[in-house]
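Would you mind keeping the following structure in view while I ask a few things?
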């Protein structure tokens, strides 16, 4: 249970699409408090489109991320298209060619995704952006690995850190993006991008945990299941 | 919201059909649905000039595609940057083998998408250089000009770059001309009412009747002060002072002046403001040599006005004088 | 009301200063403060072309003074006819000894003031003939066309008359060209919001959000029906049908199409509507040969749109194609 | 008491200016009910201007009417400028050169004024315009003359008929001008132009009656005054 099949994990991308579409209203609502209220619309437009392009095909996680990244880049303008678009595109590239993904490769994937977002957007922790969910999430994954925890526990650590990172944005003053113009008035609300980021990482972690359990039960010696 | 639209999510697509139908002599479609280019034969051997930006600022951006101006434009959703792929396609459409000058405004989304598109174009062997307009003095202090937004001054940057390209300048010369134009340009806006993106159905911000938002951005970004609405003469004084001191413009300078409505302001009121601006500049020994008054760069149906000044040197004066023909700006070579 | 003005009673005077300061190459003052004429040398030996009307419709009327268009214009208060003396002064300013064509719109005040001005001019030995625009199909039935108001179609009348004068036509020929232009022209407007005359401080009428006033006049005159606001495609169909059936325009006709905003409508929405109009006309076998889309004839900051069609014959086609240069309309002789 | 001095009657024009300026609010209010509410503004702008031009000069009734007409024609656009402008201009012309004005000349003056308004504006009685005050007023003056009443009684008849004519507009549906677009909705309100017309004629009549009384008392044989 220290790796998963890149090919079998593909459908998790559809879970991520479903999660964004399901939470469109919530994402829009919190963006509306200090931004322009379109984060839910922007995200679900892009994710839904990617979902449509993927559906009916067989695809692995790499292919799923590639399509998602490509769709965001091609069809969603503004800042979300390039930020999440390159995020998924870069992550797809680190997965490409791999049959099985272990914690090491997953860490490389996270690093590639985080680097491109920071490189492109220039946001730092504390600026009240999606980076406040992403950076702690990656750091927690890596810290768990350094503590020699299993892949599954690393994923759980990542998910929890993303959620905590999201919560940390509540007390921040926005320093970047549309909400930064509000200054102090931006305090007291969660950041919309951090919310979508946390949601995506949690959905990914949950999907992978489920997939790894499934593979584990399939590979377990006959009769070992309860 | 009471508007001339069909599906609020399809306003951009729907309007592009109309642009193409109305101006087959000026505009042509490309292989990318969100990219338009100049109609007619694509003369070889000169630099391509490109811009792109969100919709809702018409006639900017696509209205400045034409002779002596832009070769192609990437078109975003209302108030949202075009995609990197759109910018990339616009570069391809404008490319004539001598490189492409991408002259655009300083917004997070545009910066990211252009940056990515430049990389994509490099893979095609298309050299793209950029100038980022940052003429809005209200959006950041003069010590951090790189944080300032691009507003109506972009039009003068396009005019200068487009004219230099048509003169046969190479990519560096076109970029230098556009960069110089925007470096010599300062703008400020005053908002008097909010605007409504059709897909939202209601305004994202409010301006109270009797109050004005001094330094408002082109998407309703808050300005530097909310004040009781002043008479036009005082608005003009406030705007002129802020701009003139920023560059600074001084006695003996020749300038181009652009007064643009933000959408709903009656044209007679734009001229009324221009009258005051003209007088204030002359009192300071500054001479308006090129004058543009009208709805050049709008924000949907926002009520309000922006003022742009460009300090002229010999080259800029020449470039602004060259003929141009487009939906938004026609300069006849008299 | 949140506007770019000083004293609400002085908006017209104040704005004229701005027009003159901004366009010394196009406009000049005359001995009458409410009359502007073309700048530059007054070529002798051709017919003068004049219009006049209330303010608040900018760029109409003064924005169409220029090469190939009008020679002078009489300027009224906002939404009020100019005085007889103003019209008279405009005739004098345009007179070059070969007579003056006064091409204006069918409103009670304008009719009276022009009538009186013509008499005054006769005493000076200036021959003035008139054409009264009545293109608004919504303002009266087709059996009483003389009661119809003049709206945006006036622009095509000015273009035809101005071009014919510049070709050297005599007074009767200029009048015939302008009369033919307006006889071949039909317009209709849809209003989506009211407008506010600064001196009044509040709108004189209301249009509810979600309702449209079909057939609205250029001063908010009630139209023929108040309907729930329809999608642009249906607005276009309604407007095209009403106009096409009125002349009627038929299969094989070539037309000029003018889509004008009433002030606050975003330009992208005007093009969106144009796209539908273009398609509807082509479906009927009618070919748009001249296309104008923009804020050509407005009603202060009213939201809404007007559609104008002119059926072309060879002469009209030629006259509309001739070069023209003015604030509101520039036709380059390509 | 069957004529008045054209020269001495001049100041009555200033009474008419004062009346219009005083009633500006009322005229605007009734125009606002079915028109665009600017009748008071339009009228008082023109009358005030004419008053300024006259003040400080010696002028007779002919000169006063001429200045009034000229000012309305030169400075007031719309329909009121030409209608009232030619009205006063034409009336001034019939008075010109006369030293004393008798009922006959006054009738000629009224006819000239009425004719030019009807000629220019084309309104008929019943259209709900100022003509509904003007035409009955002129008719009453002429009828009184035919009954061989004195000039003063003719003027009183004119004033009363103008007031009755104004009142008659209340139950009319507007057939001309801005209010005509309202159809039945225009019923129930006085017409603004009829109100200004009635006011002007009443002020004129009152002024002339006063002037004639004054002249009469001056010319009366010594001791005949009580």
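When the chains are written out, they are named A, B, C and D in that same order, and each has its own residue count from 1.
Convention: a contact is a pair of C-beta atoms (placed from the backbone, for glycine too) under 8 Å apart; a residue touches a chain by one contact, two chains touch by 3 or more.
This one's a predicted model, so the numbers in the text were calculated from it and none came from an experiment.
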item: Per Cα centroids, the chain farthest from chain D; value: A
item: For chain A paired with chain B, centre-to-centre distance based on mean C-alpha positions, whole Å; value: 36
item: CA centroid of chain B to CA centroid of chain C, Å; value: 29
item: Whole-Å gap separating chain A and chain D, where each centre is the average of the chain's CA atoms; value: 83
item: Interchain centroid distance [CA atoms averaged], chain B/chain D, Å; value: 58
item: Contact graph of the chains (line, ring, star, complete, other); value: line
item: Chain B residues touching chain A - in the complex, by the definition given at the top; value: 54, 76-77, 79-86, 108-109, 112-113, 115-116, 199-200, 204, 221-222
item: Footprint of chain C on chain D - complex, ascending; value: 36-38, 41-42, 73-79, 81-83, 85-86, 120-121, 176-177, 181-182
item: Contact set on chain B toward chain C in their complex; value: 1-7, 11-12, 14-19, 21-23, 25, 55-56, 58-59, 63, 190, 192-193, 207, 209-212, 229, 231-233, 235, 263-276, 278-279, 288, 291, 293-295, 298, 300-301, 303-305, 325, 327, 330, 332, 334
